[in-house]
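Input: structures, listed below.
One chain, subunit A, appears in both complexes that follow, with subunit B as partner in the first and subunit C in the second.
Here is the complex of A and B:
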């Protein structure tokens, strides 16, 4: 964790530019520039800056954001739930839907389902996320007039209590669908490919020859084996998704962490960038642990308690 | 689920509102809401509605009363005496006094508002407060542009009783502002919106006419337009030129074209030549460049007609200073450009190319670089585009000085002393963002700018600026491409937006 933060610190210091242009606007004078640089301690050597930063981080203080003039942890805590509101349900839905559809594609004898699902999945996979977002907006907001285009709430309404949550749910539908569709194709294709490999293996033939229906043999014997690498992929994509939501967040004006990251880098808000990297790496590490635990539950060959 | 959807479908889009809540779209977070410590557009577009200046500027940028009810210019415009409104009060109920004005200038603006600091801090020798409602600015010499530098964008007045407790740059009130403007601060949700509420005690009678002003952060331009068309948004502060024809065809939407706006108007897209480099220091090359670029095509293909070809180094929007026709000698002609380059000894190689020049610019100016690349290829110059993000571009241009050419949108503002001088005077060369990018040094120019800023007589000043422009057209330290216009759009059932001003919603209805 410390190593990640250290490397990020060096990387962002190496990026050209400083926060002055973003903080002051145009028409800056030399004296003003120096005042800002001094104010944030940017005139000191990189080692001094680094030392001070890491001393504070060890005490749990990530400093203040230059741009938001608020503590980094506060800024991130305000934004993280909004991103998770999209990421967690979308991973959940896309996993179950993807495995379900992949399973059907693999076991169906009907050619339309057997090749139709993978074909549509391949098509879906080739659509860029922002384009998909615009497509959904054009259909459901502009043409059908069912759903709102932007934001997490309708700010005109000043809604509170239950109305507020309903409003958030209503605004979540389109961005959530975009996120689900953007992940779905990969999961369908991977599940199907893995299942078809499993079906060719001897144990599956044994299962069929001992009298099981193909349906039952697939769901009870092939699926548990096939689904393991799918879980690895889902787990490893999670961290990517949190920042990968940038495009969805941008199109729908969704106030998430991805957009915050882009802004922080653009304005060279060093403490904020480092704070976001810290949080993201923490999340990725926790999720990797979760994936491993899932494995041990699903795959009896892996047992953390066994000593050999 | 379906039933819920149907229910939502009926409740939300068609609910009727007792209050008039206006939603405005802008593209970036403000970060904080103190217009006194930055000139950045992103802050001013939100915060200028919360605060007030001593004067307002009308559409032709002429001053009219705001916090100052009236004023007297005395002593050969070396003394400006302002009489404040007696009914003006802060959002917390305290009266606005001359002490607030004095405090704001001395402790905030002259420290942190880079434009006002550069323009006024050296000229204002003393700020006196003879009574609670009278404030006097003593100047070291007569200064013409004074009044146009006192609106809410240039000099927002802040409350002393709030800001005197800590340094303005880190004051907690930057996130919880108390102003005297038409709208009170309600809530800032980062990445989402800022909600402002009508100030019931506003000193201008009957204003504002709307109940709540909600400024929503929508980073994507296409989303902004779709939301405007659907009525989710009432006003967009910046519409891209390529959407002009689509917006014009929609009768629910009205457009306003502006040359000014909060954060600096009267902008010219300008190419800087690096005068520290061997090739670009050659005046013949710079003249050839001017002849080689087809500026009419840029106006048509990049700006979709929104703007005009620059006719002089100073924008036509500042009419009394603009010296039209100064650049008339540099008509578009590949033939003349080729002749000049031959004369300068930049001969074509076997592949037909004379040289490569790089151009540093923000990514959003890609199209300008493309058009210029095509034009310059005709005269044997290979233009290499180097798009860099804002911070990196500023560092490359003004700190490392690593460029042959760069492209910057220089905004001239309301007065040449604010936005023009900074590009040309030799004292402004160095690691300062958006300063003298070419590193142009000319003592005569330095002297003329100094003289033009010292007098208040428009006639004298316009003569000085005419001389300056003639010299610049001869020396050609920059090449001025096009004057850009910005486009704001609003729903046709609304009116009264003052889109040229920071205080844009005070009269909206």
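Here is the complex of A and C:
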């Protein structure tokens, strides 16, 4: 059931590509007219172009980038690892840290922790990602001079081997922190709210009355139930993750897909823009599928094969 | 409605400056932000409350007008998303059947589309204007409201007062307007501030990338403009971001769950 849903998503998801491809074609003719029209087949009807683009995309060919004079897939593949380097660790760190902090906020009797964590999470949630990135730069790079401001490697070092990886790791700290912070708040708030709902339920009272400490009852009885919806929400927020990645990469001049996309828009390189949007959407959907699978493994009550 | 909690009062207090800028932006600032002067990079002072930027533009004016525009976009997107979500939700829940199934699948598709990418795409293809931004964002933000309304209407449909209205021969439109709408509105209204938050932050992100409306000031533009002067002029970067953060914080406190 879940997989069928996923495939239908994928098909409809791919569909916006063709009218958009047509639009992009229209726009370019205004700029490049004579030289480009014949070369990219823009003299054909809009429907033909869309159909052809669609056919090519299914075969994994996104066309050629106007700006880089290389195939779109090649350009994207070069940038993809850098984006994943930020995205994947940030999901893990923010999930674990968020659930941990949410758990503490829910079970603590100390007023400062109990309402302080959610309130600071709300504040964190209100800060625009790019402003947060600048704040971090201002504190850790400009004032304290601990961490590099921009880029992914130090261009003056020409380091190789282990030194190269250390250099990349050093440059990754600030962008990664920005990405983690931008997701953290939601997870903290949600974990706390879910936990407090679970605490009100009868089974929790049973656990307490049979002599468990509140601490143990929360971690072992309420948490497993509360975490499930949190995982769904983490899954449904991958779209926001992309937003965070684009903004973070722009601030830190990080050579990833988000930065590439902004550049592609600036130079009106539509095949590239479409290719990136397609790839990013595909990543979002694959991650969603992963969450669904995760969910069914964690919650034995869910069975995708059984129709109700 | 419940009593207004202390957190919510703080929320109202925080959005007060933004509300003032929404209604009195013209009164409390002089001229347009785009008016340049020779007094560039002035520190905050009695004359320039928030300093001036690289082109000698008054940042106080910029922040006030930027908040004004942010709020218009936030409210516009929310109103549009609520209209679509409420209408489709009521249709879907009331009629059920194949129509319900289609709308439900459609909402699932809309949920999964990365909204920010769509807005970037529309800004770069259709043009960079406030109206286009509001339309695109609103058109892609209705799913949450749709789902809440649909599930509520599904249960409301079996209530006796709705059944009585059906039996009396009221048209679906009349039932929707007179019986369903007042029942579902309070449910979804409590999350309206969060919808405003999302819209404001998305708009800031878009204009930070340089895809905002070039005719109107935006907080995102002010921050991206401060980018090059982050070492020398802290005020150019600090005030726009702080004012936006506090406003968004205010809206989230209003719908804060205790």
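One rule holds for everything that comes next: the second predicted complex is superposed on the first by the 258 of 308 C-alpha atoms of A that agree within 3 Å, B and C clash if a C-alpha of one lies under 4 Å from a C-alpha of the other, contacts with A are read in each partner's own complex, and residues count from 1 in each chain.
The rule is short, and it goes like this: contacts are C-beta pairs under 8 Å (C-beta built on N, C-alpha and C of every residue); 3 or more make two chains touch, one makes a residue touch a chain.
Computed from a predicted structure; not experimentally measured.
By the document's definition of touching, of the two partners only subunit B reaches A:75; subunit C does not. When the shared chain is aligned, subunit B comes close enough to touch A:263, but subunit C does not. Of the two partner chains, neither subunit B nor subunit C is touched by A:174.
When the two complexes are overlaid on their common chain A, residue A:252 makes contact with subunit B while staying clear of subunit C. In the superposed pair of complexes, A:150 makes contact with subunit B only, with no contact to subunit C.
In the superposition on chain A, no contact is made by A:86 with either subunit B or subunit C. By the document's definition of touching, both partners, subunit B and subunit C, reach A:142.
Applying the stated contact rule after C-alpha superposition, one finds that A:273 touches subunit C and leaves subunit B untouched. In the superposed model, A:134 lies in contact with both subunit B and subunit C. Of the two partners subunit B and subunit C, more residues of subunit A are touched by B. Under the contact criterion defined above, the residues of subunit A that touch both subunit B in one complex and subunit C in the other are 20, 23-24, 27, 134, 137, 142, 250-251, 266, 268. Within the complex formed with subunit A, the residues of subunit C that make contact are 105, 108-109, 111-117, 120-121, 124-125, 197, 201-202, 204-205, 208-211, 219-220, 223-224, 226-227, 230-231, 234, 237, 241, 244-246, 248-249, 252-253, 256-257. By the touch rule above, subunit A contacts subunit C in their complex via residues 5, 8-9, 12-13, 20, 23-24, 27, 122-123, 125-131, 134-135, 137-138, 142, 193, 236, 238-240, 242-243, 246-247, 250-251, 261-262, 265-266, 268, 273, 277, 280-281, 284-285, 288. Across the complex, subunit A is touched by residues 5, 8-9, 12-13, 15, 17, 21, 23, 28-29, 31-32, 38-41, 43, 111-112, 114-115, 117-118, 169-170, 174-175, 189-193, 195, 212, 214, 216-220, 222-223, 226-227, 229-230, 232-233, 263-264, 388-396, 400, 411, 418-419, 422, 430-435 of subunit B. Listed in rising order, the residues of subunit A touching subunit B in the complex are 15-30, 32-33, 35, 39, 64-65, 67-70, 75, 78-79, 82, 134, 137, 141-142, 145-146, 148-158, 166-167, 170, 250-253, 255-256, 259-260, 263, 266-268.
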